[in-house]
Amino acid sequence: MTSTARPAVSRPRRPRASGGGGQAVRLLVLIAIVAVVLYPLFWMIGASVKSQEEIVSNIGLLPREFTPGNYVDGWTNFDLSFGRFFLNSAMVSLLTVVGNAISCLLAAYAFARLKFRLRGMWFAVMIGTLLLPGHVLIVPQYILFRTLGLVGGEWPYLPLLIPQFLATEAFFVFLMVQFMRGIPRELDEAAKIDGASAFGIFRHVILPLSRPALVTTAIFSFIWTWNDFFRQLVFLSSLEDYTVPVALTLFIDSTSQSAVGPMFAMSVLSLLPVFLFFLAFQRMLVEGINTSGIKG
Amino acid sequence: MHPATPPTAGAPAGRSHRTARRNLLRGLVALAVAAPLALGAAACGSDDASDAPNAPVKLSIFWWGGDARGKLTEDALALYSKKHPNVTFEKTWQANQGYFDKLATLTAGGNPPDIFQIDDNALAEYAARNTTLDLTGFKDSGKLDVSKFPKSLWQYGVVDGKLAGLAAGENTQGLVYNKTLLTSNGLPEPTSGMSWEEHIAWAEQVAKKAGVPGTMDPSADYKAFWVWLRQQGKDLYKGKEIGFTAEDVTRWFELWKGARDRGATPTPDVIHEGNATDITKQLVVTGKAGTSWVWVNQMPELKKNTKDELGVVAYPGDPSAQWARASMYWSAFKGTKYRDVAVDVLNFLVNDPEAAKILGTDRGLPSNLDLRRVVSDDITDPAMKQSIAVETELAQKFGESPQVPIKGHSKVRAELIKAAENAQYGRATPAEAAAQFLAACKSAIV
Amino acid sequence: MALTTAPDPTRRGTGSARAHAPRGVAGRIRNSEGLAGYVFLSPWLIGLMAVTAIPMLLSLYLSFTDYDILTPFSEVEWVGFANYERMFTADPSYWHAVRVTLTFALVAVPLKLAAALGVALLLNRAWRGVGLFRSLFYLPSLLGGSVALAIVWVNMFNRDGAFNSLLAVFGIEGKPWVNDPDWALETLMVLAIWQFGAPMVIFLAGLKQVPTELYEAASVDGANRWRQFRAVTLPMLSPVIFFNLVLETINGFQGFTAAFVLSNGTGGPVDSTLMYTLNLYIKGFTDLEMGYASAMAWVFLLAIGIITAILFSTGRFWVHYSDGEDR
């Protein structure tokens, strides 16, 4: 903190600008932190090019004998190319992003801005759904989805996706509510007096100003779905439908198989799409929202 | 677990009230779940489907394993479909992580697979709840042929008088040691039939000369404890009870406390690492101990994780305490629509010569002794050859199979690890840890 | 439910809305708003009824039974409050898990939030390469709870791991952290804090929402960085701080993945990492006592519900909403 505070004092009038010595110091601090924070990941990348015996016995960062073949083995290990699992995961994750973004935004707008009977109660129920540990819900949910005929259909991803289009991820609803409540209400009031309907306000005031919340939701929806194991394991049943997290566990059957090298190689690869997704979307967090012209 | 929660004292007073509420709730629940269960039940009743000889049949089948097993099994099933074009399979396979969670969830949803792989840790749980098809009748009628199996092997699939699982392969306990470490230090190799005391003295010797503790401390390992118990004339379970006393456990823990004190085993934190069942964490391949306590058929996979030469012998003590253990079973779901076909597939997987050749020793040595000979002759992998040789030799000495572990076994296993580690970390004396374990066992298997 | 004590934004909101708009307009709007409210809420309501509520209520029902997953619903035995009694009177591992969880949450949650806020502030301003740094700091969180992570973490923190090598540089003798029952929980906390990416991103997004004119106005008034932070950043960020506090508290108490991954699903060594939800998972799926596990889940819901409600009720003293509803 001190390193950021110091240059600020000397340039109080230009709070967003930074540079010179201050930036160099900050950069050094950041690089040092990053190096420590990322060491485990470097280790993982190192492990992905180690031979099987080395992963087990050599705990150092670098391989003694460079084994890039893990990547080839991992990619071609199954009857299907590993790329198939990437495509499956990408599809599920992207559709989840769309579902969450739309449905949670609608619900959040209702909670944050509209007045209707029982709003407080529904809000409490929504928070309440965050609190029950998920493991006791898996079995009842499975039974329910099967009753509804969603399990084992032609397209096995329905049970994974339908809830996402129904705003069941209370996390995102609550997140968006908090963001929307940060948007000055005067904007709504002005629009109302101009005759805008609730939908009009949503469309012209809230939606444009909800970008940070939407971007955040998109990032998390994508990454969490990409990494989700248990639900995907329960609902997907054939190799060609498996997603990356499920496929990654196939390399290691703790009692009978230990293809750790290919597993590490594919784990490293599976970080790439999410990393790129994050890199792309975080850019949208760079520019602040332009609320100028709005006087409080 | 049935009345794991004993009914409340004073229950009678509130009974009628409770019954009323129960009925109400049952009604609500029924709304949500009756449909699939009813469908399932209806399906259970009709055996007709399999009567028509060439009607199309689709069987779901579920197993755990790596991709090697995945491929072999798919090939074997394809062969079955080739011979019986009306039968197709819906194949699901995954690694063992989460396997039983998913199997239980599918069962709860009323659509367990027609055929599934299971092991002795879970067989009794499923059999006791009537999830598995009783294969006894099929065995008696010859539709399921176990005549070429070692008797004790197929009998190890019997739970409460019902044949609940068909041994998909055989294995037994094996002590895998690092040959390279021993020879390079001029140390003798362990042998089958060494006493426990000799084994520990040998391990101490290894620690002194080679600088690596000679043996993993297996006091948390149920399969080592089990063999030891059988050598003491006890057993892990007797009927619905545990088959040992607190004194037995104390002696077992003390045996290994002695070994730790003598430096024959690694430190507790390393032992804890080795207590994980993963191949890659076994101390013999991580180089943190000279021997690991595993199953004989894990030897080839262990070999892949080290450059050193490995050897395998029986656990210490009288080898007749070991038995022909089913490494895993095939079971059929009791409510399957196609009982006859499902049983025929089971029979095919263990008794068909071509299938046996495809499946090899992936699930352990073939249960069918004739096929075992054929398959063994084809094996070229030296580590696999070695483990087959050891198992074949041990098979001469095998004793009777114990009963399949009872319901609650998974908890007993977990509690043994906890108690043994308490003793290892010095948080409890062997006697205290033993008492803790016994108390936990009692509440585990009620 | 404990949560009915959560603040009802409606109640206080209506007053201020009325004060701002002419009466007739307000009345018309309120009626149409009531309808619009439910229209916008409808996907969520359908999801609640169809996807969330039924399984939740089923699990509540099951918590009064001996449900073991494998037995069909039609045959489960109603056991009254026996599961709840067992939890409070006859299951020492339950209370052990409660202690482990409390320790974990009380230490890990504040530290994780502090790390997330600190780094977010460092990475808030636009400068070249900031995006890369943000992404790098988020990287650990991308790993989730994978098999690879488990192996990596154990290799960092066992006796001959990298962490001890680092300590050795400073002449400190290390411990077998992950494999030492006295330190395994701390290792778990480090893992949880290490994955601080999610709250960091939320903080960043929140910082982006602070209107830049406010800073300009403040600097014209001659406020220094610290004053700006106190007077502008903190209040404007407070809804997001509040969100992160609530969610990370819930996540901290639910902390399953790290414990599952690090202990191979056992909670070991000797139960030192037996978090509440891990204990619940073991009871439900390994021991097949899903009725008991459901009871544990509902007690958890109540307890966390109370904590959440307390957080909500403190919120009105320090959370600043630009929508004016809390003033």
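We call the chains A, B and C, going by the order they appear; numbering starts again at 1 in every chain.
Just so it is clear, a residue touches a chain if its C-beta (ideal position, glycine included) is under 8 Å from a C-beta of that chain, and two chains touch if they have at least 3 such contacts.
A quick note: this is a predicted structure, and the numbers were derived from the prediction, not measured.
> Could you classify the connectivity of these chains, where an edge means two chains touch, as line, ring, star, complete or other?
Graph shape, chains as nodes and touching pairs as edges: complete.
> When the contacting C-beta pairs are counted for A-C and for B-C, which pair yields the higher total?
A-C
> Give, as an integer number of Å, the spacing between the C-alpha centres of subunit B and subunit A.
Centre separation, subunit A to subunit B: 38 Å.
> If you average the CA atoms of subunit A and of subunit C, how far apart do the two points sit, in angstrom?
15
> Centroid from C-alpha atoms only, then distance subunit B to subunit C, rounded to Å. What do you get?
Centre separation, subunit B to subunit C: 38 Å.
> Among all residues of subunit B, which ones touch two or more of the remaining chains?
32-33, 97, 101, 104-105, 108, 110, 276, 278, 280
> Touching at least two other chains at once: which residues of subunit C meet that condition?
54, 58, 69, 73, 147, 151, 285
> Which residues does subunit A have that touch at least 2 chains other than itself?
Counting only residues that touch two or more other chains, subunit A contributes 55, 139, 143-144, 229, 249, 251-252, 260.
> Under the touch definition given earlier, write down the residues of subunit B that touch subunit A in their complex.
32-33, 35-36, 64-71, 74, 90-98, 101-102, 104-106, 108-111, 276-280, 285-287, 295, 298, 301, 304-307, 362
> So in the complex, which bits of subunit B are touching subunit C?
1-8, 11, 14, 18-19, 22, 25, 28-30, 32-34, 37, 97, 100-101, 104-105, 107-108, 110, 125-126, 129, 131, 267-270, 272-273, 275-276, 278, 280, 408, 410-411, 414, 417-418, 421-422, 425, 427, 444
> Going by the contact rule set out above, which residues of subunit A touch subunit C in the complex?
Answer in residue numbers: 1, 4-5, 8-9, 12-16, 18-19, 23, 26, 29-30, 33-34, 37-41, 43-44, 47, 55, 59, 61, 102-104, 106-107, 109-117, 119-133, 135-137, 139-141, 143-144, 148, 162-163, 165-168, 171, 173-175, 178-185, 189, 192-193, 197-199, 202, 212-213, 215-216, 219-220, 223-224, 227-229, 245, 248-249, 251-252, 260, 263-264, 267, 271, 274-275, 278-279, 282-283, 285-289, 291-292, 294.
> For the complex, which residues does subunit C have touching subunit B?
54, 57-58, 61, 64, 66, 68-74, 77-83, 85-86, 147, 151, 154, 158-159, 176, 179-181, 264, 266, 268-271, 282, 285-289, 291-292
> Write out the stretch or stretches of subunit A touching subunit B in their complex.
Touching subunit B: residues 52-53, 55-57, 77-79, 138-139, 142-144, 146-147, 151-152, 229-230, 233-234, 237-239, 246, 249-260 of subunit A.
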